[in-house]
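Listed next: structures, encoded as structure tokens.
Below, chain A partners chain B and then partners chain C, in two separate complexes.
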Partner chain A sequence: MAVSVDEAASTGPVRDHTPPARRLGGRGRSVLEVALLTVLAVVMLFPVLWMIETSIKENRDVYAIPAKFFDFKVTLDHFKDVFAASGGGRSTLSVSFLNSVVVAGVSTVLATVLGVPAAWAYSRFSVKAKKDQLFFILSTRFMPPVVVVIPIFLMYRQAGLIDTKLGLILIYAAFNVPFTIWMMKGFVDEVPAEYEDAAMLDGYTRLQAFWRFTLPLLLPGIAATAVFALIFSWNEFVFAIFLTSSDNVRTAPPAIAGLIGGTTVDWGLVAAASVVFALPVLVFAYLVRKHLIAGVTLGAVRR
Partner chain B sequence: MAGIEVTALHKRYPDGTVAVDHVDLSIGDGELFVMLGPSGCGKTTTLRAIAGLERQTTGDIRIGDTLVNDLPPAERDIAMVFQFYALYPHLKTRDNLAFPLRAEGLPKSEVHERVDEAARLMRLGPLLDRRPHRLSGGEQQRVALARALVRRPRAFLMDEPLTNLDAELRADMRTEIKHLQGELGTTMVYVTHDQVEAMSLGHRIAILNKGRVEQIGTPLEVYDRPASLFCAAFIGSPPMNLIEVDVADGKLRSQGGLVLAPPPSVPRGRRLVAGVRPEALEVTEPGAERSVPARVVSAEWLGDEIIYVVDHGGRRDVRVRMPPTVRFAADAPVGLRHTGGTPAVYDVSTEELVA
Partner chain C sequence: MSDPVPLTTDHPVRVASATPPAPGRSRRLSDRWLAVAFISPALLLLLAMSVFPLLWALYLSFTDYSATRGGPAHFIWFGNYTAILASAQVHLRALTTLIYVVGAVSLQIVLGFTIAYLISRRTHGRGLLTTLFLVPMMLSPVVVGLFWRFMLDAQFGVINSMFGSLGLGQVEWLTRQRTALFSLIVVDTWQWTPFIMLIALAGLTAVPKYLYEAAAIDRASEWFRFRTITLPLVWPLLLIAVLFRAIEAFRLFDLVYILTSGGPGVSTETLSFHVYKVAFLGFNTGTASAYGILMVLVVIVLTQLYLRYLNKLKED
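What follows is the complex of A and B.
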């Protein structure tokens, strides 16, 4: 690590064309910056690296003292255990991964289908007490989920939604709709309403105008919003652990947490399951990274 | 082609603001009618109500003989050009023009013919295969105009179509629109906040303020006899001088002693203001005939003319338009003389024209 700091610092002055008086300050600062960032990166990335390393170590090496950083035998047995049961057939973990895919996917689709037209309506029409309505919608996101989990549990027990995928899908969609409305409203505001006006004068109804002209221009925004919603549903833990109990309904986060707590903990399996769990989110975030930034910084610069 | 009849149009938004307050307009067949006013005066709302993009709270709109209150925009047979050109970004110029025709379901050959005709009229030949983002602002607006006229609608509605263009291009397009309207003879309602545009384009101008019509008239009528103090201050650059006057021995006299030719009948016992255009005044050598003593406060040298700001002891300084050959230094003692005809006279309390 020390080597890379020196390298970064020594290449600095070569590219640096600022006057000599300021160069020293600039160089001093850049050394400090790189050093701090390096420390931060190590702190942030070490658990991730350790998780990946553990997932490909043999059990002997996982428990070795002193810990083995580099000198261990690579094995993919843990990943096999994530998907296949020891006696053959599918493991319970693989079932919970499948549940996660279904719950996160359907709830995201539901939130998008409901939220995007709502956002369009709030952006285009003069609605009575629009600001109050939007504030109310946003306010449902103010409290942490754990505050409402017990009332929700009681209601779900009455409604027969306890320990069902449908129950999780509904609660995740409910949490994602406000977010979708707010984020999509920003995107809809950016698309000039004149496109729809022009299309309506050209012979289309308002809905056709929205469908044929505004919606295609909104697709990047919808993608970014949906990924945010997907990540929320995929990672959600509190509702999942309270509202589900059986193996064939549980999603991955409580299932992975459930691996810890027996007399012995198979850390290799925990790590492998965690890697499998983290991958889809990373891939999705990478695919839409441009739009994610656009979504976060939206509204910072006005037209 | 058809005239447009707007009767007691009223638009109130859910939050209580009144955008259009019982407006009556009678726009003749083939007329180029301009709605002029500051932002928020209700001109765009009125236009959008005529287009059917906005539903009025009360009031009637007739296009030709048809009451269109309940017709959707598409069935009103009108075309609209927007400030932001609203060309469909994914379509080439040719398809943008053909779009409304295809929506109508015209046969291919006729679509082709009409697109070619519109393209020829607006000289779009080389632009036909480009998409909107590869066109300049002026080109985009020409395409937008062509898209409006390709439909041969009963009326054109123009919503500040030149506001986004730079000054030189705007003057060119102004000429082009006026020429086009004359050629086609189609009724056109043109909304703008630019008085120069309104004066140069309109057969008649309606001046709107706070949702109400302040005055409707030809450009000359509007310029010569503004119907209210608002119109007087809005039209003209620099605007009319509003000089407080008293009636004495059948004459209008300002506090500085400036005497104006009186209109035939002047109401008595009211506070009055005379509206005098800057070109109806003259700066003279001190002591010249019929002049009152005054002092030059400042002078704006505009090249083709000089605008003198002159203090003649009245409550407000007056602006005088002079040819560039007549030169006085700032602070110089001068004379001020009224050379125009009878001025428009307004009641201060009602702000309306009284004589």
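What follows is the complex of A and C.
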């Protein structure tokens, strides 16, 4: 029995395109709709474009009043500042990017290793109070991070995990396991259990059947799920800012936020750092665009 | 372990239906072991990192423990809870949070549904349009917050610059009591409208075309079609999205922290932000824990609603 939501209206096939003959309100209305859509698209995309523009502007143009939209001098100095320190060597920002890669990567691997087998077990076996367990698992993901971080902070202080990458990795893994289980359960449900039954008739054990027949079929789903977990960990801010403080542990989000701490803010640098930080996320999100609905609803809604 | 040649793995289904497996007692037993072995590591991590901390917070909420003062914690039972529930400060934050959640989520529904509806009526470039609209949602709240802070800057922000060239006055977006909360709502709306749009679009494209065709034959008005076909079919899915957003907005912290730090005054201090101040600036760990537990209770109620509708949607 699937806990995930399948087609809301499963009657009839999903049509991907409207037949062009369908003209409800004539040409005038169509033009109006396109215009409205364009305006909305411009409004939604303008901040992103402005961020990119600011990152390649010279400082003089960044603070120009009125703002310069087109005629500005292009420079890559801000990007250089993101990676290289002013006195040579690596900048603290670039260290934080590396930390982010490590923390997000390892926590994603951990969440996947723990979550995928659990999702398979929940999909295949009759577990006591399965639905309640699954709902409980999902609801842990909804706890306000600011509340959870108080006892976690005390716990970590006792265990010596404050200001360590391991501490962040553990909390991010715990934060991604519910998502991984829900998301993966949907993918496992799509693989017929009969494949495993057949393999077992051939003499394989249940575990071998999972390993040799189901798991290979799950790989695309695992990849998509891992990408989302990666994005969540990469973007996470609350735990990072409370549980880490030193430059060689801190991940990128608190490091970038730290750029606005002083009296003067180098917005060009902030913009460049933001672009560098956001680019991989957008690339990854584009790769998993097919699963976006399931991903952003934590695997709860599937299409 | 013997490894027989899998003669029939190319067509496993056929074999399974030809001779259905008759699981014996031993297999069911090993299945149970396998289930336990596969599920328990994940559950243990959740117990250690989610449940145990919450239980600890629950314990602390009955004490006057302070993380900096140290020393033993004294039991004061419901002292923290009564203090919080009676506090005018907390009431103010609850109101701010309510305005924020209701304002942001309703704006997101209206805009998100409008965009989804407009996209669903297009025949070309739907994929590209959807992808473009989704960009804000994937960005980190830190990036979003910082960037809007720059754009909304009273002196050299681009928004005021545009206002200026349109002949409008300058607005102190983030430093005035009235406008700060509004700005927060606008930024959250900007980031999360795509979320509602995405789900509404999924609902809209799943509405079977023949319903519209039947309505067209009956010469039903456009509004009638929208009200009787589109909305009822999309609403269940939209409700899920709305509840999801409401939970997220209720526990929002990072955007407030980056954008306004609760200011000016306390005009944008949401409950989450206030908990943070009590816990990490006031170091009243006991009080903050009680505060947090009360927030968790609200989240649990919302989550239950969410899960119930999710279940209902699944069963339909």
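General observations
In this section, the second predicted complex is superposed on the first by the 263 of 303 C-alpha atoms of A that agree within 3 Å, B and C clash if a C-alpha of one lies under 4 Å from a C-alpha of the other, contacts with A are read in each partner's own complex, and residues count from 1 in each chain.
Note that a contact is a pair of C-beta atoms (placed from the backbone, for glycine too) under 8 Å apart; a residue touches a chain by one contact, two chains touch by 3 or more.
Not measured: the values here are computed from a predicted model.
Applying the stated contact rule after C-alpha superposition, one finds that A:V127 touches each of chain B and chain C. Touched residues of chain A, counted separately for chain B and chain C, are more numerous for C. In the superposed pair of complexes, A:Y195 makes contact with chain B and with chain C alike.
Contacts of A:G160 after superposition: neither chain B nor chain C is touched.
In the superposition on chain A, contact of A:L37 is made with chain C only, not with chain B. When the shared chain is aligned, chain B and chain C each come close enough to touch A:G203.
Of the two partner chains, chain B and chain C are each touched by A:F213. Within chain A, the residues touching chain B in one complex and chain C in the other are 127, 192, 194-195, 197-205, 213. Across the interface of their complex, chain A is touched by residues 1-2, 4, 6-9, 12-13, 15-17, 19, 21, 27, 30-32, 34-35, 38-39, 41-43, 45-46, 48-54, 56-57, 60, 67, 111, 114-115, 118-119, 121-123, 126, 129, 131-151, 155-156, 158, 161-162, 164-165, 190, 193-195, 198-199, 202-203, 205-210, 222, 233-234, 236-237, 240-241, 244, 247, 250-251, 253-254, 257-258, 272-273, 275-276, 279-280, 285, 288-289, 292-293, 295-296, 299-300, 302-303, 307, 310-311, 313-314, 316 of chain C.
Those residues of chain A whose C-beta lies close enough to touch chain B in the complex are 126-128, 192, 194-195, 197-205, 213, 216-217.
Chain B contributes residues 13-15, 48, 51-53, 72-74, 78-80, 82-86, 88-90, 99-100, 103-104 to its touches with chain A in the complex. Partner chain C is touched in their complex by these residues of chain A: 2-9, 11-12, 14-18, 20, 24-25, 33-34, 36-37, 40-41, 44-45, 47-48, 50-51, 54, 62-67, 114-115, 117-118, 120-122, 124-125, 127, 131, 133, 135, 137-140, 142-148, 150-155, 157, 170-171, 173-175, 177-178, 181, 192, 194-195, 197-208, 213, 231, 234-235, 237-238, 241-242, 253-254, 256-257, 259-260, 265, 267, 270-271, 274, 277-278, 281-282, 285-286, 289, 292-293, 296-297, 300-301, 303.
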